[in-house]
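One chain, chain A, appears in both complexes that follow, with chain B as partner in the first and chain C in the second.
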Partner chain A sequence: MTNGARSLQAALWAHTMSHFEDADTEETVTCLKVTVYHPSQLQSGVFQSIRFYSREKLPSSEVVRFGRNPGVCQYTFQDRQASRVQFCLQLFKKPDSSVLSFEIKNMSKRSRLLVGGRELGYLNKADLPHRCLVRFGQYQLLMEQEDGESLEFFETQFTLSPSSLLQENNGFPQSPIPEYGGYSPCSTHGTSPTEMDENES
Partner chain B sequence: MERPFTVLQVSLHHPRLDPATFANIQPQLQHDTSPLLVGRGRDAHLQLQLPHLSRQHLSLEPYLETGRTLLAFCLKALSRKGCVWVNGQTLRYLEQVPLSTINRISFSGVQMVVHIKGGTSLEAFVCCFHLSPSPLIYRLEAEETDEWEGIPQEQPPPASGEQPAGHLGFLHDSSQTQTWNSSLQPSPGGGTEIQLQGEPPDRALC
Partner chain C sequence: MTNGARSLQAALWAHTMSHFEDADTEETVTCLKVTVYHPSQLQSGVFQSIRFYSREKLPSSEVVRFGRNPGVCQYTFQDRQASRVQFCLQLFKKPDSSVLSFEIKNMSKRSRLLVGGRELGYLNKADLPHRCLVRFGQYQLLMEQEDGESLEFFETQFTLSPSSLLQENNGFPQSPIPEYGGYSPCSTHGTSPTEMDENES
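Moving on to the complex of A and B:
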C-alpha cells in the first residue's frame, strides 16, 4: 500500500469514528403496558377505539385521560356506563430517582377506582406501582411499567386479554369490584345500567 | 345550595415592573379540576410574557387527599430548562411538591405567593390575582457573612405588625399597586410574614 493510500485510509477511519462519536445516543423510553379486559368486550366493543399492540409515544408532561369523552380522553371506552373522564395518569419524577413514575387519579364522582388493593374516591390520587391491577365497574386494566432513560417522552402499549385478569393466576386477589352507584364510602351494588355522566346530574 | 369554591390568592411580582409581563392576566379566574398551567404559551391558563419562561413552566393541580373534603394542591415543574423554587425546595422537570396554606414560589425572576383558602366545592376553584410593585419574598439580613451584601433591592424584614404595601397582596394604597376589585379579596390585616431566614439570595432562586 502506498503512503497516499495509507493516509487516505486513515482519514476515512478518522471521519467514520468522528461521525460515530457524534451520533446521538438513543435513549430508552419508559413504557406503560396496559392489558385490558371487560366481560362484554367482544359483544359491546367497549375497547374498539383503542389501538392494540402498537406503541404510542407521548410527551412526559401530558396528562393521559381514560374515559368516554373522545374530545378529552386519549383512550376512550365505548360505554355509556363509563364516565366522561374515568381516571387520568400522569408522570412525575421523584427527586432522588433517575426514572419516571406514574400516578393515577380518579376523575369519576360516581365510580370508585381500585388500584391494587387501594380504593380511590373522586380526585384521590396514588402512585402507580410498577405492576398493578386497576379496576372500576367491570373493567380490569393490568398496568406494567418498563423503565426508560428518557425524561421527555414515554410510550403506551395496549393488549386485549381474552379472559379475566383475575382468573389467570396473576397474583391478584379476587376481591369484589367496586360497583357504580353513588359516591359514598359504602358503595351500593348497581341494579341496572345507568348513564354515567356526572356532569348531567 | 352552591358550595363555596376554594380560592387561591395569588400575588405576583417581577423586578422589571413591566406591565406587559402580566398584561394577559384577568383579576379572577375560575378553573375546573384539571391542572392549571402557568407559562408563556397560549394554552397556559396563567399566561406571563417573559422571554425565558417555558411555554408550560409549572402546573397547579387540585386533588383530594383520602378522607379529606377540601381540595389540596400540588405544584409540578414542567420546564425542561428552568426550575421552580417552592418553599425552600428547588424543583426540576417533572418534580412536584404538595402545597401548604401559604406558599412562596419563584421562577424566571417571578415571585409568587399563593395563599390557599379552602372551600367545599369539588367542581372548580378560583384564582384571584394581585400584582405587587414590591418584592413578595423577603429574607433576613445575614450577619455572619458578607456574600449577601452586594445584592440590590435588599430590604429589611418587615417589623412585626408592619406589612409593607404589596406584601402578599394585602395592598391598601391604590397609588402603589395594581390590583383589581374582587369580592374574594382577603380582609386587610390578615397577612402573614414571609421571611426567608438563611435561605439563598434572590438570584439563587429559580
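Moving on to the complex of A and C:
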C-alpha cells in the first residue's frame, strides 16, 4: 500500500468513526423467528417463495398475511391446499408493557389453526406466546419472539427445518397429535380442497 | 295502461316473484352504526369525505382505518390535527360466538384513544362493546353494533350528530370529562401538532 493510499484509508476511517460516534443510539428491534416444516417441502417446494435466513424489517402497523395468494400475503405457501389467506399476524402493545406483542388470527374458513394447544376457527384470534408451535394441515411453524425496544418496526427471519418439529425433543407434544377433519389432504375435503375457499381473497 | 302493457307488467312481476322465491335466503349482515360529532364540524368540514346515511358493505377480513390519510384510510378526517391513521377496526369471532365482534386499536403515537371509560395508548387494543363512545381530541364517535348472521361481510353506516354526544342524556358521562394532555389543540402539542406524527403512514 502506498503512503497516499494509507492516508486516504486513515481519513476514511476517521470519518466513519466520527459518524459512528455522533449517530443516535440504535434501537433494538423485536424479531419473530419462524422455523417452518412441511413433510413434502423438498419435493413440492411449498416454501420456495420464502427467503430464508435474511431478516426482513416491517412497520409495526403492518398486517402480515400468510397464505397462497401472493397478491395479499407477505409470505406465501405454494400449495393448492393452502387457503388464499391462511392466517395473519399483527403487532400490538399490552397495556402495561413497553414491548410489542403478536396476535394471530385464523383467516381460513376451511382449516383450523392450532396455536400451541389451542384450536382457532375462522376469524378466531389469540395472543402469541413468546415461543409457540403453530400448525395447520401438515404445516408446522415454530414462532419464537425476541423482544426489542422499537415500537415502529419489527423484523422476521425464517429458517427451514430439515425434520419435523414434533419429532424433536423440543418441548412440544410428539403424540398423540389430535386428528382434525379439515387438516389432512386425505379427508373428505380432499376431493375439492379449494371449493369452500372460493370467496376468500 | 294498454292491455299489452298490462300483460308485460304481469309477466315481469311473475318473473321477479319466481326469482324471489327461488333465491337463497339472504343472510343478515352485522352493521356498525357510527354517529360522529366534532364541535367545529360545520365550519371546518372535518367529516366532508364521509358519506352519511348510505350503508357500505365490506369484507370481514378488511382492516378498517380511520384517520387523515385517504391513501390508507377508508374513513378520513379532513383535519391537520388528526393522525394519518388514528385508529383501526377489525372483525373477529369470539371462541363460542356465532356472530362477529369488533376490535379497536389506537394507531396514533400522538393521541390517546378513549374507548368507553378505557384509555388506549399507541398500539393498545380493546374489544368494542355493542354500544360505546369512542373519543380522541375533540372527536366523538358513538359506535353501535347490530348483529347479523354473515361471517363474510359487514356493513357500516355513518350519521352526523348535530350536537355533542356528551351533552345528551344518553347514558354517557357528561362531566367531568378527563383532561388528556395530547387531546386538546391548545395543549403543548399545539405548537407543532403533526410533528410526532411524521413517521406514521
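Please note the rule applied: the second predicted complex is superposed on the first by the 154 of 201 C-alpha atoms of A that agree within 3 Å, B and C clash if a C-alpha of one lies under 4 Å from a C-alpha of the other, contacts with A are read in each partner's own complex, and residues count from 1 in each chain.
Keep this in mind: a residue touches a chain if its C-beta (ideal position, glycine included) is under 8 Å from a C-beta of that chain, and two chains touch if they have at least 3 such contacts.
Worth saying up front: this structure is predicted, and the values here are computed from it rather than measured.
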Original post:
Looking at the overlay, does A:Gly121 come into contact with chain B only (first), chain C only (second), both, or neither?
Top reply: both
**OP:** Could you figure out whether chain B or chain C reaches more residues of chain A?
**Re:** C
Original post:
Touching A:Phe92 in the superposition: chain B (first), chain C (second), both, neither?
Top reply: both
Subject >> Touching partner for A:Lys33 - first (chain B), second (chain C), both, neither >> reply: neither
Subject >> Shared contact residues on chain A - chain B and chain C >> reply: 60-61, 63, 91-95, 100, 105, 107, 109, 121-125, 151-152
Subject >> Complex contacts: residues of chain A adjacent to chain B >> reply: 60-61, 63, 91-95, 100, 105, 107, 109, 120-125, 151-152
Original post:
Can you name the residues of chain B that touch chain A in the complex?
Top reply: 33-35, 56, 62-66, 71, 76, 78, 80, 92-96, 122
Subject >> In the complex with chain A, residue positions of chain C that touch it >> reply: 59-61, 63, 85, 91-95, 100, 103, 105, 107, 109, 121-125, 151-152, 199-201
